[in-house]
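Okay, so chain A shows up in both of these, paired with chain B first and chain C after.
Moving on to the complex of A and B:
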């Protein structure tokens, strides 16, 4: 009887030990839940444009004039236009705020690092192409202004506010 | 539900606004174009040589010589009409005479005709074209005429500088 009891106790212990071992193994492999993130990334349309200097002065005086010629002109290429865009098929257009200038003001994009310069434009309040094909790039060009006046027009002063706009081509 | 829809609509509009503002960037620059007072005059022709070598028997006045190979050009934008004056750097001796005549283009001033500048110096320059309006006039003929009297004798080659001035 005592021997039988010993065998039973022994079996119970062994079973318990097995159960503990099994439980340990089960605990390590148990998946209680899952977690995750949805990451959405976006690059917006980014376009920037600026000029290196905010003001340009063009003065026609006797030094710019050839005797006998009615047309007088002066040029300036001291400033540059810089731009950056991550959109394709973009252009830079230009316009002036001055609706009725007394004299003629022309502009040409000189030596653009990216894109193609449009032919020299006579500035008006209507936007005109200055640069083409500048999509997905950053670049710069020299701004070549030409002021033209006729001697027969007399003296005077025109103040233009020039606006450069990057837009879809 | 209504609030959620409003929120979504609001966010969508904001996104559109942001997209628009970045998609068309602009920069401005001020350009001042000033046309100041301009007065320019130039001449062509360089050195003019006038040599008298003939005369008529019985006349003290020798046969004059002329030259019309030189020209003048002007440009000015003054509101007030201008004029051209002429003068020498030094007067000629008695018995010798240098005349000048300028021929302006149509509506570009009035010629004073043939003018004696033998004694016209800087302080006493004489008008040769008057009433020149703003504008330009190019390649207009200058005619020099040299007169001498036999009684004045022989004149060895003498250089005189003629100055034309565009003035008010």
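Moving on to the complex of A and C:
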């Protein structure tokens, strides 16, 4: 009886050992090893804004005169504004360097690809809203400038350096 | 029965040690920062090739797969095997949280040298619409490379 038990235990031991060896062999045939590391990705606050081409010239001449009217105007939409911002709740504001212009210069953002155009603004040295709700976007709009002069204001030149700023809304 | 249990433990421990030794990443844990962007376009992507993968030859043709765990992932990270002298690099892999193990290096031959390497070329990119880390936090990828029979 004791001998019989010994034989049974011995068979169980051998069978189990073979099973472990086979399983181990199978694992080696599939996966030989793993390795790894951690990669951290950081994105800074990025804001970029630019105008497509350089200077805009608005020239009011006799061609813009309407007989009997004091006000003359001319428009230009040859330039575009482009921006990119990855911050939420952002707008674009605009201001001019010219503190005391002789004539009136107005600006409107046309067809913004993202956000909402503010109503037409008369440019001044104080920043005014041009585009709203542009947060976390890359987009563009056409810049529609309108120069207005009164016949009674006579002749002259106004030179504006215009600044566009992406700011918190 | 006690000796059988010891035998199983030794087998398992041996296997684990062997698994760890067969493939490893050299060069630490990179930090990649996207810091600039272009108006009307997108932030400029950055590339890091400061780390490498080193693995032992096997008796069968093998391949290496890659996967990552990055809960709450916001941005885009890809990896490509470069400077590979043995085997064939798979196309660039886009790493995303919970992805299945994806082919990274294929057809690794059985011959010498014992240790083979490749450079890990990571590219980090983001769109303006994806936001920034100050508001959303960093992406932290726990990336795993696995050497398997092909």
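The definition used in the following text is that the second predicted complex is superposed on the first by the 129 of 169 C-alpha atoms of A that agree within 3 Å, B and C clash if a C-alpha of one lies under 4 Å from a C-alpha of the other, contacts with A are read in each partner's own complex, and residues count from 1 in each chain.
Keep in mind that, in the parts below, contacts are C-beta pairs under 8 Å (C-beta built on N, C-alpha and C of every residue); 3 or more make two chains touch, one makes a residue touch a chain.
Keep in mind the model is a prediction, meaning the values are calculated, not measured.
In the superposed model, A:103 makes contact with chain B only, not with chain C.
Touch criterion met: A:162 reaches chain B, while chain C stays clear of it. When the two complexes are overlaid on their common chain A, residue A:139 makes contact with chain C while staying clear of chain B. Contacts of A:152 after superposition on the shared chain: chain B is touched, whereas chain C is not.
Contact with chain B, but none with chain C, is seen for A:59 once the two complexes are overlaid on the shared chain.
In the superposition on chain A, contact is made by A:87 with both chain B and chain C.
Put chain B and chain C next to each other and count what each touches on chain A; the higher total goes to B. Of the two partner chains placed around the shared chain by superposition, chain C is the only one that A:37 touches, whereas chain B remains out of contact.
Residue overlap on chain A between the chain B contacts of one complex and the chain C contacts of the other covers 44-50, 83, 85, 87.
Within the complex, the chain A residues that touch chain B are 44-51, 53-62, 65-70, 72, 79, 81, 83, 85, 87, 96, 101-103, 105, 143, 145, 147, 149-168. In the complex of the two chains, the chain B residues touching chain A come out as 18-19, 22-42, 73-79, 133-139. The part of chain A that touches chain C in the complex is made up of residues 9, 13, 16-17, 20-21, 24, 27-50, 82-88, 136-140. Residues of chain C that touch chain A in their complex: 1, 4, 7-8, 11, 15, 18-25, 28-43, 48, 51, 53, 55-56, 58, 60, 62, 74-75, 77, 122, 124, 126-135, 138-149.
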